[in-house]
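The two complexes that follow have chain A in common; it is paired with chain B in the first and with chain C in the second.
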Partner chain A sequence: MDLARKTARTRVQAIPMRERVREWTVRYGVIAITLFLLVLFLATEDTFRRPTTILSMLKYASVIAIAGLGVTTAMVVGGIDLSVGGIAGMAVTIAAMTMVIYNQIGLIAVAGVLVAGAAVGLVNALLIVRLRIPDMLATLSVMFVIQGLKLVFVSGQSVSSGMPLPDGTFAKGHFTADFLWIDNGFVGPIPVPVLIFLVLTVAMWIFLTRTRWGRIMYAIGANPEAARLAGIRINRYHALAYVISGLLAAVAGLILASRIGQGDISAGNSLLLDSIAVALVGMSVMGLNLPNAWGTSLGAVMLGILITGLTIAGVPYYAQDVVKGLVLVLALIFSFTLSRKRTRYVSAV
Partner chain B sequence: MQTVVSLTDVSMAFGTNRVLSGVSVSLREGSVLALIGANGAGKSTLIKILSGVYPGHGGEIAVDGKPVVIDSPSVARSLGIHTVHQRIADGVVPGLTVAENLVFDELARSSFGTYFSLGKILPRARAVAAVLELPWDDDFLRRDVFDLGVADQQLLLLARALDQDPRMLVLDEPTSALSMAEVERLFALIRRLKESGVAILYVSHHLSEIDTLADALVVLRDGRIMLEQGRPFGWNEVVRAMLGEQVLAEETDVVERRGTDVRLELRGVRLRPDAAPQDLAFRAGEVVGVIGLLGAGKSELARGIFGATPFTEGSMVLDGRPYAPSSPSDAVRNGVFLVPEDRSAEALLPGWSIGRTAALPFISSIAPRGLVPRGAEAKRGRWVIDQLDVVCTGDGHDVDELSGGNQQRVVVGRWLAGKPRVLVLDEPFRGVDIGARAAIGLRLRALAQDGAVVIITSSDVDEILQGSDRVLVLGDGVVRADTYLTETNRDQIIERMSEIA
Partner chain C sequence: MTRSKIIAGLFATTMLVTACSQSAATTAPSAAAPSAEAPTAAAPSAAPSESAAAAASAAPTACAAPAPFGSGKVKIAMVRQSGAGDYFQQWGGGAQKQADALGFDMQVYDAQADNATQATQMQTAIDSGVAGIIVDHGLADTMNPLIKQALDKGIPVVVYDVETTDPRVIHTTQSDADMATKVLTVMANDLGKGAQVGYVNALGIAPLDRRNVVWEQFVKDNGWLQKFFVGKFTNAVATDNAVLADAALKANPDVAGIFAPYDELTKGTLVAVKNNGLSDKIKVYGIDISNADLELMTAPGSPWVATAATDPAGVGAAVVRAMGLKLTNELQGTDFKFPAALITQKYLADNGITNMDQLRVAMPELAEASQMVSCWIQVAY
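Right, the complex of A and B next:
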């Protein structure tokens, strides 16, 4: 009797403790893992401590983060964009064709890529909003179409200076210096792509959380019918989200093109899964359980640390995917299993 | 007439929530018993008990005088109790052919063996279709069941049930998806079934259908049988039993106000596809209560005015100008607002605070340049909390964590900030406590006094009596009465509601 009462009391006290641990894990889990990985690699690997390593790690993360911000925007309105990898790959080829084959300056290449990215986003929006095709299926189809189109334009070959052209001449153009600056340049001590990454993260964070347009997008993601009955023209904002996603993917593609320095046709292939993964990891940051800009960028940095560290430690690339997957599972446990908030079903999951 | 199925003292509770108590009903051979009740009266629970979906109820069920335990749908079927549920999608299996659906019970029991072909089941399917004399040839039977119209799907399910030689048939709102001609077909069939001795439990909101078909009726309210009647039916009494004879709230000191200028005019608007076009005028300064049973056209009226489901026919005039909202945003920009019927599906955003929920409809004017000023949404939230005395921890409180009544205060209150010209509330008091009801009612009266049109729809007479100046009685998509409250009374309203078309 006495004993029973005592155990009952201990149990009552034990629950808040367990509860507090759960709360903490849900809020800070991803941040803790990131810090842990960072400290682990800093402590164990000499090479990791070099500033150049850190910078290249951030450069690696920036492309994924920017494409991930695109996916995040689509996820905010309750959808998903599977065409971001395709858009980035297409961007690489368009940039190469503009400069190498058509011998144009870098600025025109940049403009062309951005217009193309926005256009693909608009097509996605049209399929999803007007023709009411489910977002995942629409963007998947568009991904195939633009991947194929890209290959059709270049007859399945990577574009590089001096390559033979169908009319018998050789490609005279080349990647211009200012275009190559996008990935290789510095502003002060900061590499340009890292700067773009930071600026876009802040911009998207402000856009999504501090402007009325972002607020409306979150409303559409939370309950589209309630948003519509609040007098919002939901189709416009739904469409806008996919255009933004296309634009961001194109920016990621620009950095990628500048990094590779030629029209590599396989560029962007792994970007899709990485960018979706970081957007999902980002959902669990601070226990928000919502797609958000900071979370996505932090997820990308975490992925950068993980991949860079594992590479330096000599873990083969195929084993790295296993680790990547396990980390994703962990993050999803934070937001779907442990969190008390009802996690919105994301169609990509 | 012999009793086929009898229920004695049947009760059911979910946790502490009693949904049925002491229900005793007898179903006789060749007789149609109608079951009537408002939403939440316990009709579907009773159906589910009979069809074996809810085992573990109290009381006793007997078939042919022998006590039985119906603890699964297959037991119900083997006892000869077949149910055609209201939701056709619950019965039809998409992706299969018409033939496979017709013989689905046997397929599920694998009477055709593990491997079967369409050829093997076609003869059986033809036989099932023949029960209802359905003119379906083999080509038709090979089609995907989703190519069928809703009416044919309904008939398919009926045929499937009838093929099993039911002793008793439960029909749950069987006409909700049917056209007039199809309803006639169904009624003819039901009469034939009666002659062949099947006991039928017919569940419907449509009093006219019950008047045509039923031999007796029972009225369910709050899980109890309130009334049993044989022919001829007394509809006044039926509707009274259905809606409740609550003691009329003591004469509130509400002074009836009559509006002056017509603010919103509806011309030739069709509320239901089979109803005649209606003309209506709403005057500034009055609260109009729109009352009618389910399916009377109340929601159609509310959603049409707001542009949520635009009217298919007719036109509107708002303050002398043509008004044709093709979407809610058109309505909102014209100062016409709606509090929708289903709060959680149509108004609430999971995880959103009171402040953000309150500010959302007016976010463009709160953030004209795009950037939402810090604290602007919180301020709007506090305004709503003040206006309607929302019980909460502050403007940051998640709306979905509030009680139903407080949620409704927020959902109503947020429109008040937008200076409504017309505010439509579709069943605003359903699932709302008395305190919230009073607070909202008071604010609505004040709003009308300031010159707005307030339109409240309800299926509860007392709700309408308490807060309205004018009352519109709708039935089958037609305005049956349009009068001021002081010129009518509870009995008259109920009488108009219960008229048979």
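Right, the complex of A and C next:
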């Protein structure tokens, strides 16, 4: 990607004005929209100017960003993971069952959720790599399976303290204070979920662009056949990508569980589409035209600003969806329509 | 070629911006209370003379509004778990009209049944520096820490049907015990002691559990023989429970009456009774009312003989008035249950009532218009 950027830069100097404007739009379009929305809401809404609002907006974005990073990882190897919302929802129920029904401490709930997330990722990988089911179909099926399984475990009921159990007794456990800290705690002035979001963004950026594994993943995404001929065991990297995606979705679920404080069976339902949307928006950041960690996170923050700002402005949720869709279209125009020329020499994507 | 694309892109951005600002602008006036709308809103209320006075515009109330009302709009927030469905739409509509009439600038947050979103929106509402927050439904574990946070910051909180423990919260709900008692009293009069009865209810849902307590008491007190107890809560309550009630009736066709304490359960029960050709032998007792329910009750030969209900729009308005009274320090107590009205098939037939508008005029008590009032309050819903 550094190479790509360099190539682009040398080219910029040689091309006429209108090309430079186009280049600029393709590169900075999403960033410009984000800044524009930020300034718009800062200027028009008192509430938006409060630091607490900004932090709560980032908290909202964190869950979508983390699940979006999972989708991004799957997209890097040329796949897609439609099970992230399902995994996050499953995570909420598993966390609640561990603490409320089995009366365990928060740490065990966290461990259980992460193991489950990685396990679902492995199942995805198995279906895609070994059984050669197309990724979209495999992860869609897995989504249904885990959504159903989660309901089977709890007989379709939300898990909460004092709920009646099949054996006639009542659930004795409760969400522990340390588990609730995941969403409600602060490290210094920064809310914990925002910190997790930042750390994971940096970690995924380093992993995807600064390590051998990450670069190989991009190579597989660009041209799996070439990667295979170069001696790369592409199946292993595919599997790794889906396990990482499952883990990240599980982390998103942990934050959701901590936010809701109850084993809400409807949790995570809206997460899938939002996380795919931010991963797509992220592709057009800096004109990379590739799934990337910073882009996804910026996309999530943009969505956060948009939704929080519109909500504060009193725009009803259905109108918000229209605006959300239009912004997505705009971002896709940047990455697909306007940058068609560049894609030819930037990469094989 | 390329330039046109850029222009198209910029144009799209501009359109987007206009769209944002326009939708913001269109929502603003609705919160800003066009006072001309208030009289029509009040028309079906209990006091026709009052609405006539309201038509003369200006403040029709008996006294001036105390602080913080009177000088500009008072900003409050309403944080709703969901605004979808018949009941909640009517509830929200009534609440908005009352908010306009009182002089509230009410920001409504609708989480669309997403509990994590409701938590985020509650946080935004707290941070937005409003004078008060109304919470309409929500999971206890999700909302209680946030409600505590609001109260700690000195923001009064009025909740509707949220289980809370904080004594500072103003708690409102429709009285499930009252609804069940009213309709079961009719059932007891109709059937007498020792009758064979059926029961369709889905336990595990808080309001249905509260109605169940009353049912068990009535069964005991009247020596009723409960021949069957079926019911489950699903995404299609009426359809799924029709199947269960049908099976139960096949096994026990000789029950004299069935209690199904939620209108979707009642609808399912009615289907089962009709399918078994028992409409003239069995009486069905339900809870809740809507236009669809009225149609079923007033249909020729309908076995649904009585129901108990509140008017959702009236209840939504009363909750908003509770916030008004809380802000002027006029509210006595912290726990309020809105009483239900009994609606019998005979009453509907005698008065020729077939829809909710007619019912609201005929039964003003349905609207809770006498609840949460003060001399400065103009009731609207």
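Simple rule for what comes next: the second predicted complex is superposed on the first by the 324 of 349 C-alpha atoms of A that agree within 3 Å, B and C clash if a C-alpha of one lies under 4 Å from a C-alpha of the other, contacts with A are read in each partner's own complex, and residues count from 1 in each chain.
Assume a contact is a pair of C-beta atoms (placed from the backbone, for glycine too) under 8 Å apart; a residue touches a chain by one contact, two chains touch by 3 or more.
Treat the numbers as computed from the prediction; the structure is a model and nothing was measured.
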Combined model on chain A where chain B meets chain C, clash or fit: fit
When both partners are placed on the shared chain, which of chain B and chain C touches more of chain A: C
Touched partner set for A:A61, first chain B, second chain C, both or neither: neither
Partner chain in contact with A:L229 - chain B first, chain C second, else both or neither: first
Touching partner for A:I265 - first (chain B), second (chain C), both, neither: neither
First (chain B), second (chain C), both or neither touched by A:V194: neither
Touching partner for A:A313 - first (chain B), second (chain C), both, neither: second
Touching partner for A:S160 - first (chain B), second (chain C), both, neither: second
Which of chain B and chain C A:R215 touches, first, second, both or neither: first
After fitting on chain A: smallest Cα gap, chain B-chain C, Å: 22
Residues of chain A defined as touching chain B within the complex: 206, 210-213, 215-216, 219, 222-223, 225-233, 289-290, 341-342, 344
Chain C residues within the chain A interface of the complex: 2-3, 5-6, 8-9, 12-13, 15-17, 19-20, 23-24, 27-28, 31, 107-110, 112-117, 119-121, 123-124, 127-129, 139-142, 145, 204
Residue ranges of chain B touching chain A (in the complex, touch as defined): 306, 308, 327-329, 331-333, 337-338, 340, 345-352, 356, 360-361, 363-364, 366-367, 370-372
Contact set on chain A toward chain C in their complex: 18-19, 21-22, 25, 29, 33, 36, 40, 44, 46-47, 50, 52-53, 56, 59-60, 63, 157-158, 160-161, 164, 175, 180, 184, 256, 259-262, 264, 266-267, 269-270, 308, 310-317, 319, 322-323, 326-327, 329-330, 333-334, 337-338
